Each structure stands twice: as C-alpha cells, then as structure tokens.
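Which chain is which? They are A, B, C and D, in the order written, and residues in each are numbered from 1.
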Amino acid sequence: MRKPAARPRAASRAGAGSIPERYARTRSATVALAAPLSAEDCAIQSMADASPVKWHLAHTTWFFETFVLSPRGVAPFDPAYRTLFNSYYVSVGDRHPRPQRGLLSRPSLDEVLAYRAHVDEAMARLLDAGSLDPAGLALVELGVNHEQQHQELILTDVKHMLSCNPLRPAYRKTWPLTAVHASPSRWIPVAGGVREIGHAGAGFAFDNEMPRHRVLIEDFEIASHPVTHGDFLRFIEAGAYRRPELWLSAGWDAVLARGWEAPAYWERRDGEWQTFTLHGMAPVEPNAPVCHVSFYEAEAYARWAGARLPTEAEWEIATAATPIEGNFLESAMLHPLAPREDPGDGALAQVFGDVWEWTRSDYAPYPGYRPAEGAVGEYNGKFMANQYVLRGGSCATPASHIRATYRNFFPADARWQFSGLRLARDVA
Amino acid sequence: MRKPAARPRAASRAGAGSIPERYARTRSATVALAAPLSAEDCAIQSMADASPVKWHLAHTTWFFETFVLSPRGVAPFDPAYRTLFNSYYVSVGDRHPRPQRGLLSRPSLDEVLAYRAHVDEAMARLLDAGSLDPAGLALVELGVNHEQQHQELILTDVKHMLSCNPLRPAYRKTWPLTAVHASPSRWIPVAGGVREIGHAGAGFAFDNEMPRHRVLIEDFEIASHPVTHGDFLRFIEAGAYRRPELWLSAGWDAVLARGWEAPAYWERRDGEWQTFTLHGMAPVEPNAPVCHVSFYEAEAYARWAGARLPTEAEWEIATAATPIEGNFLESAMLHPLAPREDPGDGALAQVFGDVWEWTRSDYAPYPGYRPAEGAVGEYNGKFMANQYVLRGGSCATPASHIRATYRNFFPADARWQFSGLRLARDVA
Amino acid sequence: MRKPAARPRAASRAGAGSIPERYARTRSATVALAAPLSAEDCAIQSMADASPVKWHLAHTTWFFETFVLSPRGVAPFDPAYRTLFNSYYVSVGDRHPRPQRGLLSRPSLDEVLAYRAHVDEAMARLLDAGSLDPAGLALVELGVNHEQQHQELILTDVKHMLSCNPLRPAYRKTWPLTAVHASPSRWIPVAGGVREIGHAGAGFAFDNEMPRHRVLIEDFEIASHPVTHGDFLRFIEAGAYRRPELWLSAGWDAVLARGWEAPAYWERRDGEWQTFTLHGMAPVEPNAPVCHVSFYEAEAYARWAGARLPTEAEWEIATAATPIEGNFLESAMLHPLAPREDPGDGALAQVFGDVWEWTRSDYAPYPGYRPAEGAVGEYNGKFMANQYVLRGGSCATPASHIRATYRNFFPADARWQFSGLRLARDVA
Amino acid sequence: MRKPAARPRAASRAGAGSIPERYARTRSATVALAAPLSAEDCAIQSMADASPVKWHLAHTTWFFETFVLSPRGVAPFDPAYRTLFNSYYVSVGDRHPRPQRGLLSRPSLDEVLAYRAHVDEAMARLLDAGSLDPAGLALVELGVNHEQQHQELILTDVKHMLSCNPLRPAYRKTWPLTAVHASPSRWIPVAGGVREIGHAGAGFAFDNEMPRHRVLIEDFEIASHPVTHGDFLRFIEAGAYRRPELWLSAGWDAVLARGWEAPAYWERRDGEWQTFTLHGMAPVEPNAPVCHVSFYEAEAYARWAGARLPTEAEWEIATAATPIEGNFLESAMLHPLAPREDPGDGALAQVFGDVWEWTRSDYAPYPGYRPAEGAVGEYNGKFMANQYVLRGGSCATPASHIRATYRNFFPADARWQFSGLRLARDVA
C-alpha cells in the first residue's frame, strides 16, 4: 500500500478550501496552462472535435459571466462574447459554430486574458461580499468543475494541434520521465451482488453521477494494472490491425477508413515505435499504460487477450476503496507513467490518474436521473447517446476534479484524450 | 383480455413443425414476398443501408449453401456467388461492397430464383435423408431464422425504394385498413426486484439473447399502448422539431442535418399529413401506433411527454406474460394498425407485432455472452456498438420469428424500419 | 486512299431519306440497342454521370412529346412523365434529380416501350399528314439528332454499369475483333492562315457549331493516326502515372484522388493488361486506338511524347477533306479497332469513328453564337464551362450523326466515353 | 484623358530602379502589409483556397532561398522550411498539404520575420557583390514578381479570414472612401482584324504571357466602364439569383449549392445591402465597380444585360493604348472606388486597378508556349485547365506588377479575389 507520505497531491485537492479559494486557484491554474504557449498556439483549431486554447480560456469565463454575473446585473464585458463563446447551451441563444472556432483571430489572446481578469474581479467582489445565495454558490462550484474539465481539454487539444505540425514541437521541452521496472498485472477477484454506485452526499458531483442507486453485478475479476504499451505492442505484433475477426464491425470500419495501425500519435521511426508527447517525440515506454486508444481498440485488445472491458458499475465497485492519488495534472508529468511501486496484494494500481479507462458501458442516464434545472441542465444529459464511459482521470486531470463516481464519456472512435484500458473477466 | 379465439396466427408459428417443414415453409414465404415485384423492382438499391430484393433472395440462399451444403461436399451453384452474396462474414472471404449491391443487374432475378431452387433441392435431399448431424440441424435452424429477418428487410427495403419514386407506387394496391375507435393508454405498474431476462431452454434463440441472467430493476410503470400517430401529431404541433431543448444533442444535429420535421414517409399534402405505405399514400390514422421514427425522435417524444423509454430489461419483464400474438407479416396488413379491442385491465396492448419499440438500452453483450463458434459467430456480436435495442416485432415480422427475449438493434438515426415506441416512467 | 467501295455505310447515313424515314429509322435503332438487355440491365444507374437505359429510352421520347406533340394539342401519355423524364430543361418545369434516375423501378421497361410506341404512333400521324410547319420539322430533326446522342450514351452507360459487376458480363457475347498489323503514324503538315470553321449551309447542325467563322491558325503538323494502345503502354511503362511533372496540376490531383494507373476499364490479370469491352474482358490490342482516357491523360501523354493536343480549329481544318467513314455504331463492332489499311501519303486515318479525339480547346461559344429559341435553347449553350471539346465520333456514334464540324464536350476527368487522342505539334 | 498630374503612382512602379532596389522595396512592402496584423491574424487559414499570412511571408522567402541562395551554396536557415513552405513545386520535393497550412503555430511569426531578415541579408550580399549571373538575376526578378502576387493574396486571404469572424473586424479602421457622381458607361467600338497579343521585348513578363502571337478578332464593342454595384443591384432585383435561365448549368448548380444571392461579402442589414471590406462593414456604393463575383455571376450578368464577356484577346487589344494607372495597392484604398473623372470620348475607364475583370477565355497556353526551364517551370503552365482568365489588376495589385498582357486566372466559382467585369458585345 502506498503510504501517506507518497501522496503529496492530496493536500492540493480543490475539495480543500472555501469556494472563493477554489475559484481563485482554478482560474489561475488555467492561465498557467496557457503560459508556455504563444498567441498563435492559442488561436489554432486542429480539428472539429478540438477547440483553440483561446476559446477554452474565454468559454470558461463566459460560463461565470453568463450564469453567475449576468443574472445578478453585472454588465457584460462585451455583448458579442455571449454568442462567440457559447459552446452548446441552446437556451442561452446563438452559438458560433464549433468547427469555426479556429477562425477567430479576434478577440486577441490579450483581450481574452483581459476578459478573464475583468470577470475574475467581478466574481471576487461577489464572493468576497459573501452575498451569493446558495444557488449562486452551487453555480460557482459547477463553474469551477467545468473549468477543470477544460483544463484537461486545453492539454489534449493543444497536443493534437502540435502533433499536426511536421516539426512536432513540444508544449514543454523538459522530459521528466525515467525508466522503471515492470510491475506485472494480477487478476483481483470482486464479489458480486446487489451493490450501490453513483454519487450521494454533500460533496460536489455532476448531475450524471446521480442518483446513487442499486445495481446487480456478478462475481468477476479485474486486472490490478492498466494495459501497458508493452502489452499493446504484442497485440500490434500479432497483426491485430489486419485481423477483422478481432474487431467490432464498426471498429474494423474505422481501422480501414482511417488507416489505423497503432494508437494515436505513434510513429515508426527507424524501425522503432515512438510517440508524440507534450514534451515532443519520445520512445514508447513498455511499462507505461497504453494511451490514446479508441474504445474500438480497447475492446479489440480485450477480445484478443481473452478478456473483456469492465462495465462502469464493475469498475466503480472494484475501485471504491482505492485512495484517489496518482499521476494527475499537478504532477506536471503530462504523460502516463509506469508505476513506481507495486500496489500490494489485492490492491489496484494506477486507478486514478495516468489514463482514463474505457468501460464497456454506454453513457446513459442512471435510473431516476434528473438533469439540473435551467440552461446548465444542458450540461450532461444532452450527450447521452453514442458515447462510452471512461473512468479514473488521467495525467491531464486536476487531482481535485476526479472521484470514484466520475463519468467521463467520448465517442467510440475518439483517440485524442489520454484514454487507455484495464481488463476484466468473468469468473469461470 | 384477448381470448384464444382471437389468436388465429398462433397456429401458424414456425415453431410448429419439423425443421424440414419449417425450412420449406420459410423458403417459399420469401419467394412469395417477391411475387408482386418485377425484376426491376428487385434489382434496385435505394440507399446504402438497404439492399435490393434480389440480393436478399440470393444472400439467404448463400447462407445455406455456404454453411450447410459446401462443408458437406455439395458443389456450388456458381463459385462467383460466394463473394457476390456474402454480407459481412469476414472469415468466409471477400465480399461485394454493400453500397454496390444495386449495381448487379446480373445474375438476373430468374437466375437467382434458379439458384434458390437448386439449393432448396439439395437441402431437401439432405434433410429428407435424415443424415444431418445436430450441428448441421442447428445451422438450418439458424438459417431459417436468418431468412425470416431478411423477409422483414425485403419489405422495409422495398418500401424505401418505392418511396423514392415520385409516383409513390404501391407494393400491394389493396388497402385493408378500416377506421377504428381510440383505445386510450393507461399506466401499468411493474414491481421491481432482482429478476431474470434472456433466453434459456430448448427453443431457438440467437446468441445475443443469451445467457439468461439476473438483473435488478426498480418499480416502474409502463404504458398499456404504444404511442399513436395522434399522440405524435400533438408533439409535432407543439413545435417539437424546432425546439432543441427537447432533443439529445446528437438528435438535434440529425434534425437539422436531414431536415426532419415528421416521421419518415410523412408528407404534407393539401394541409393534411399523409404517409407512404406499402399500399401507396394514405392518410395518417390517429389511433394507429406511430411508426418510422428514429431513436432520437422516440427519446425526444418521451421527454416532451414527461416520461422516458423503458430499458430492455424493463420491457422484457413487463411483457413476459403477454401472449405472442398481433399484427405480423402473416396478417398481410403490412402496416401498423389501431388496436381492435382493449387489452383489459393491467394488460398490455400491441406488445408484439405492429411496430418495433425502441428501448433506452444500447445493444451490448449480456453478462457471460459468448458468440457462436465459427463464421456464424460473426452474426450478432460484431454489431454491439452504437446501436439501440428494439423489442416486440412489427407488422413485417414473421409471427414465428419473434420472442419476448428477442433483441433487434439499429443505429439511433435509423427510420426505415417499422419502429415506434412505448413509454415508461419512474414511480414517484 | 480508301476507295468509295470501302464506304458501305455512307448509304445508311441519316442524312439520306425524308424526315419521317429518318425519324422511324432512328427510333427503331434505339430500341434495337436495348434488345440484348434485360429489364434489370435497363433499370440500374451506376454513377451520377450515367443514366439507366430505360431513362434514355423514355427521355428521348419525352423530347418529341414535349416539344412537338404537346404544343400541337396531343394529350400526354402520362402527365407524371413530364417531370420524370425531363433532363435539364429548366423552362419545361421540374426535373427528377439526375443522381436518382436509378431509383425508378416504375414505370417498367414494358411501360416505357409502350410510351415509345404511343408517341411514335402520334408522331407518325403528324408526319404522314404532312401538316407539320417548318419549325415543327426542325424540332423533329433536332429530336432525331438528340436521340442519336443518347444511342451513344446508352452504350457507354451500360458499359460502365456492366463493368461494375464483378462478373464482368458482356453486352454482346460475340467477339468480332481480329488481329491486325501495325500502321505507323506519320506527321502531316497543315498550312496556317486565316481559315473558316463551323457549320454553314442547309444540312442539320447543332447551334453550337454555328456560325461558321474565320479563325487564324499557324502552320502545324498533325499525326496521321490516333495514339494506340501500344503507344500508351509505353507511357505507362515509363512510369507516367507516378510522375507529377508530366501532368497538369488538376490532372495529377485526379491521378492521386482516384488511384488511376491506366485508362478506364483496364485490369492487370496475370501480369497482362486486359480491358473491359461490351463483349466482356479482352486483351489490350496494341494497334487499336487508345480509349477511355480523360483529357488529363491525353494532355499528359502528349507532353510526354514531346507533342501537344490540337486545338479544335486545327483539328477541323486538318480533317476538312477527310471522307466521313469509319468504325461507327452501325458496324456493330462496339469497340475501337486497329486500321485495316494505310490511309496513304498525306491522308489521315481513323479521323471519324473508333474514338472521340480530345482537343486542347475548352468548350466555348463561337464568335456570334446565338442559342436556339425557347426551351430547346437550353440544349448546348448551358454547358459552356469547364468542358473540353472532342471531335470525330466513335465506334458508338451513329454514322449519320457525325460531321467534321461536330463538337462533343466532356469534363476533363471524364473517362467512360470512347475517348482517345491524336497528337499535333508546332512547326519548329 | 487623364493628365500626367493625375498619375502620381507611375513613379513608384517597380519597373523603376535596379533589381536590388526593386528587391528591397518589394520585400519591405510585404512586411508592411502584415504590420496591422497580430500574430494570431497571421496564423489562421480560413479555407483551403486561402493561406495564412505567415505562410505567405515565409513562402515568398522560401522562393529566394530555394531558387537563388541554395544553388549558390548558402546554407538554409532551417532545413525543415524546405518542405513546410513549398507550395506546389513537385520537383523541389515534399510539400506540407495546402489545407493544413493553418495548423502551423510554429514557426512563430517572429521566427518567420527572422527568416525573412536572414534571407534578405544573404540576398543583399549576393546582389551587392554584383556577382549574380543573368540566370540568377532573372530568378530574382521572377521572385520579386512572385512576391507581388502574394502581396495581393495576403490582402484577399486576410479579408476572407476576417469576414469569417462574426465581429467583422477591420484590417484598417480608417475608411477613406467618399461619395462620387455617376459616370455612365458607353460602348466603345474596336476594329477587328489580325492583331497581336502577348508579351515581347525586354521587360519582365511571366512565361504564360508569351510568345507574342497573331490572333484574329472581329469588330466588337467594349464598355467604357466596368459594371458597377448599381448595375448589379438591378440584376439582383430582377430576381437573377432565382432565374436558372440566366445561368450556365454549372453556374446555376453553384448558386443552389452555395446559396448565393449576392456577391461575396454582401449582407442584408436592416433592408440595405452592406459589404465587408478591409475597413469593416460598409454600405454598397452604387457607382463603384462590382466586386467579388465569380465567373458564373459575371457571365450571367452579361447575358441578362444583353451583352457578353470579352475574350482575353479582345480585352488586350481594346486596352493596349490605355495608360497603366488606377487604384492599386499603393493607393492604400484597399477597395474598388467609383471613377473620379470621366475618361473622355473613346477612352476606357478603370481598366487597370480597382477590380480584375473576368474574360470569356479559359486559361490555355498561347500558340508556341514553352514553360520556363527547371522547377520554376511549374509556375504557370501547370494550372492551364478549368480556370478562366482575368485581366487588369485590382486595388490589391501592386502598380508595378500589372501589364496589359498580364494573365491572371481563377476557377469559375472563385469569389474571394477582387473580381469584377466589363461588358462587350458583337457589332450587329
């Protein structure tokens, strides 16, 4: 078991501190993420799924202005921003089309940073006055969590953008990774039965994690470790990307249509696999968790390995007792790492941080799910179709953002997130 | 309650009779479906999702030739057909690309019917000799059920093809429908608990219905009747196709991208909604179940109505006691009808036949699911991604093909099947 | 020089005979082209550029009904056909979308043939009565020439459709081609100066061939023979399809985007080039004119050969004295052939028939061009953009349809016509 | 006639001065164009046809490095730039794909400006030493003219990019335009005959303007003035964008597919037409030349007006005597203006500058055309397909860049250049 001494990040969790403190800490963390980037880096959109960093900086600010400041009579910084930086909130009005976010050279990065400062000042006045009603405070809490999600997207989107540049430039030039020893995975049995999953209690959670509810699972086993690069190399070397029988039909279509022959960002150079990281090109480390795989690749890998993906209920039940610590955004590694020590008998390694883990579950409402009221109710429920759930957070997730009940979701072909997998299997 | 006298179709269920009898009956039923069609009608493919009738006639034959006759040494009718009429069985070898099935004027319809006769003769010899091993008999059973699925597709695909013709020609000119009185829907309570769903026992079922397994459901209520055209007209008149807040995000994208403003096949003529049927254009009958709606439309309707779609487990548990009778292919109505009598207190109307009912469940493997061995194992499991489950069969489903455990599945935007919905809701 | 005895086809030219005779001869020739085809063959559309044979049969009939019969009070055979079989005549009203012509299983081929018979009968009455005004007679003449164009398209479109079938079925099974000896090409000098091109005089010509007008050309040389398969094989073997420097930029884009590595219909089988013909697959005959090449391929070939394509003015002036004889539709070869005899000193071989010859000229109005009046004025002038002129007719062109002044036109990437080339070069 | 006093720009023509002077002047003019833009403005690519300003700055520099410095042994600034900033020169090696030029946040604008300074320094050394051979000097001349072309593209591309921003930001905020009086167009007769067009003599011209050669034209008339906004408004008000009979078939397809209902950049605001300019939104000035129309719109306008477009030979002959003066880039108007004075009897107004004028001529090689040797030979001839010729330069063209023989070319649907038209007509 990891000892408390090994958990320096616990102290920095956003859960700690008052709302005004958490607001301030989160807002400045976002700006810090943009610090290594030029105005040009922040302006470009490399695909429709991704957004420019500048847009993330503005949209997270728009959230507080639209949902907290405007209803309380604070005049907008610039009325045009209401449309420009709306993401998908239909009830708030028009939106600038998502695939055209990269066409906005104006407002400039400097103007967007001024927008942030302006809103932060108004928010500070509001928060310091202590006059904010509970509904308002709940919106601030939601906005902080919303902004943390965009912190992760800033990193995954800028990684994709930089990867499109033939120069393969680094977000950060330092390369902090050190070689490690293998820590082989074991099967951990989990007892079935009627159990509970989902969020309950006082802490913040998104509406999609609620209500806490009963589920029935059967006995199963889960892998102590995520699948590693070394594991996945054997899958590739077994010809998996040329063997349709290993894939879902839609997955095989994706392999052919997009010419996949390895995870995203992998390149074969001089006969060796390398991968693009936020530190530039790097050799594939065999003991680190495999990353940037789609649901289709995760599912095919599991089939090839004679196992399967866990459901999200299985994942949540199996990991319920695992402390929330790991390689998060705050470690500044910005890349999944190999485990530094063995988790010990019966314990799971790298559950939180490093890589999001695909589950076999589609993203659907929990029994009794009710979306939040008003425009913020468009936040989560709108996307409950054709997406699969990922769990556990990644090396780009703020430590204070993740929970065992946290449900991330992406389409089955998405690969630009830090997405990996952990195997499960039925008990014979 | 419906009385036995009201169930004339029960006698004609394919479950009745020996395998040779069922084989012969199913094979001739398929040819009968093509009888009203010209060679031209049978050659055309109107979209990539649909296939020409001639292809269905040949592919169902190919199934028996490839999986039953060839392994037992029977020479192929024409070796080229092995590729031409393979659907997606990767392990069987090359396939003619699906969107190009409509480019095959040769072999002619006559040649394909000769192919059918040739294979039927060889199959009859094999079946009459009684020498077929149990694995062979199981493949014949699978082939009969496979062919029944294509019987339904022949009708839905030819309906789509005819609808593309500005003349809106009929498949059958007779119009058997008569006006009916409304039978209002009631909420039927269903008790929750740990229950079982899925297939077990001796009768035929597809691999995706197995294994029978435990599920946990909570108390809920289900509508006694499917949603009707009249119900859906109110949804349209409430401006639903212009109100994004009623839709899943992906559903709203589909509404905009495809210009949906009513179910498929509806046309506004002289201020009145009509719909294209296999009998030609007809007025929209308010008491008949709504049909040709996508999962997105079903889901939005339920939200607008203050309810939700049932999960497939809820659907199966709620309908477990319902007798399998209704408006099936054998009724020759070829269109969903209004109920002729009230089902009685606590009973569900129109569970089977008329329209497939969308559920809230994505199409996923049951716990412990194992695909069938060999090439036929590609049958069902390959498609377990990005599809939603429909239950109950339709007016185009052979009566003997449907079961309470039967899982049909289509993508969330599919509308050319006879797809409708039944509401469910949580107990407050 | 070819002797008059070698020109048996001259007698059958449509120019011969009265208008009623030419009408009757042309109409029955069209039906004869469909005789080897089944109703299925006639219903299918293999690409948006091509039309089903049934549509050609109906549309040519629609022309006479719409422009000759209807204005003279003859009731339409079926009012719906006015829209269904309109090609692009905007002033006539709505049109069935071109890419959806292959979705029409109804009217059936039999009904379309009945439509033809009905219109032919009404036309015969009108023509026999001798009461048709000169404008009406001119429209009949135009309709006959229009139908001859569609005779060629019936063959090129059905060839494309059959080529999409992996069985590579033949339109006609007989293979009439015999081996021949090479007849090497020579450079023929043509004197420049102010000359005249275009149509003048009494015979029929399309509006785009008029007015006859002066052009200035410089001295040049033209090849006595079209480029042959043998010539083109050397181009392929020189790696031309992998050498961007030989191509126009748009041509190279087409090579890459469509994976061209030889003319259309060529397939490499057992190390040998074969080509799909209306008689099925056949070896590539080195002495026959190369065929089914795009403007881009023709232009690149010419560059590689150190020559260029002629302009249409050069072509017309160089061929003005050449008798109109050759391998036309009436020869029933349905494929370009090698020359049977040398044309003699200073004479050009295979100018007419065999293959259309791409020129360097875009399809533009002649100085003083005036489109015909009324709806038929949409016939030619509407297409004067982004097309290149071809001259001389092909093995699928009716002999009586072609003239030295005849201007055919297709986009630079079209390959499904019988299109080849003849080289020209500047005088040093 | 305009007096010399009215031609202040003549002095600044690049033709004046030595090659080193012209090199220096052109290079600094390019940088000056980028001065009002931020690094973000310079990084974004708004469509595949356009390039980021930063790419233009780098590519024009690449030209001198690749064709002048590298062959003379000067080490490259950065070897990666050889691929990154190659446009289409296949013989120079790989190219970064054109539609992905907007994905390059690195090198930064500062680095690109450093690249420019580095190459300028090396070029200055070479030019000052006077050691450059004639071939080298010719390449410098070509490079200067090449860079002038990109100066115009910088403006048209940045205009398109800014227009995509809902804020409609200005490139320059000043609005220098003043109201003017109408100067009505007259028909100017031009005598036909055998004439000469094309470039000959000592001054610079592109290879596509050569050789000077004889053409035959007939008597015709040309409009003294370009078509104005006021003229074009009448075309719009006549319903032209809803009347297919006015359009080429391909033009009408473009109208429907792209929803055109006015020239590019026009917006109807409060019932009045405004247009986006490099100074922001402005009312449509009726007396200024119409601009941002495609060839299709120009051609349709001419048909509606009972006239036609001139051929490029007609245009060149009619304008041969017109002095090269007008509203060019150096005027800093950056928008077409209404004429300030009447040109006088028999003279043509606004021939040069203001707007490029579409001709009826496709972009084809002149008789005897030979591309330049080596990689620079890919400059012009590669594009001689599916493009139409424009003449006369625009308000974004450097004054010293234009000639009466100058041939610009764009596809028939391009609208983002400053493209207008001048009418011609046959003599009855």
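We take it that a contact is a pair of C-beta atoms (placed from the backbone, for glycine too) under 8 Å apart; a residue touches a chain by one contact, two chains touch by 3 or more.
Just so we're clear, the structure is a prediction, and the values are computed from it rather than from any experiment.
Chemist: If you walk touching chains, what's the least steps from subunit B to subunit D?
Modeler: Minimum step count, subunit B to subunit D: 2.
Chemist: If you average the Cα atoms of subunit A and of subunit B to get two centres, how far apart are those centres in Å?
Modeler: Taking the average C-alpha coordinate of subunit A and of subunit B, the gap between them is 38 Å.
Chemist: So, what's the distance in Å between the C-alpha centres of subunit D and subunit A?
Modeler: 47
Chemist: For subunit A and subunit C, let me know how many angstrom lie between their CA-based centres, rounded off.
Modeler: Between these chains, centre-to-centre, one finds 60 Å.
Chemist: Note the residues in subunit C that touch 2 or more other chains, in rising order.
Modeler: None at all.
Chemist: Who touches whom among the chains?
Modeler: In this structure, the chains touch in these pairs: A-B, A-D, B-C, C-D.
Chemist: Quick one: which bits of subunit D touch subunit A in the complex? Just the residue numbers, please.
Modeler: Those residues of subunit D that touch subunit A are 38-44, 46, 54, 80, 83-84, 96, 100, 102-109, 161-162, 164-167, 169.
Chemist: For the complex, give me every residue of subunit D touching subunit C.
Modeler: Spelled out, the residues of subunit D in touch with subunit C are 88, 90-91, 194, 213-216, 218, 244-245, 247-252, 295-296, 299, 308, 360-362, 364-365, 367-368, 378, 382-386, 412, 426.
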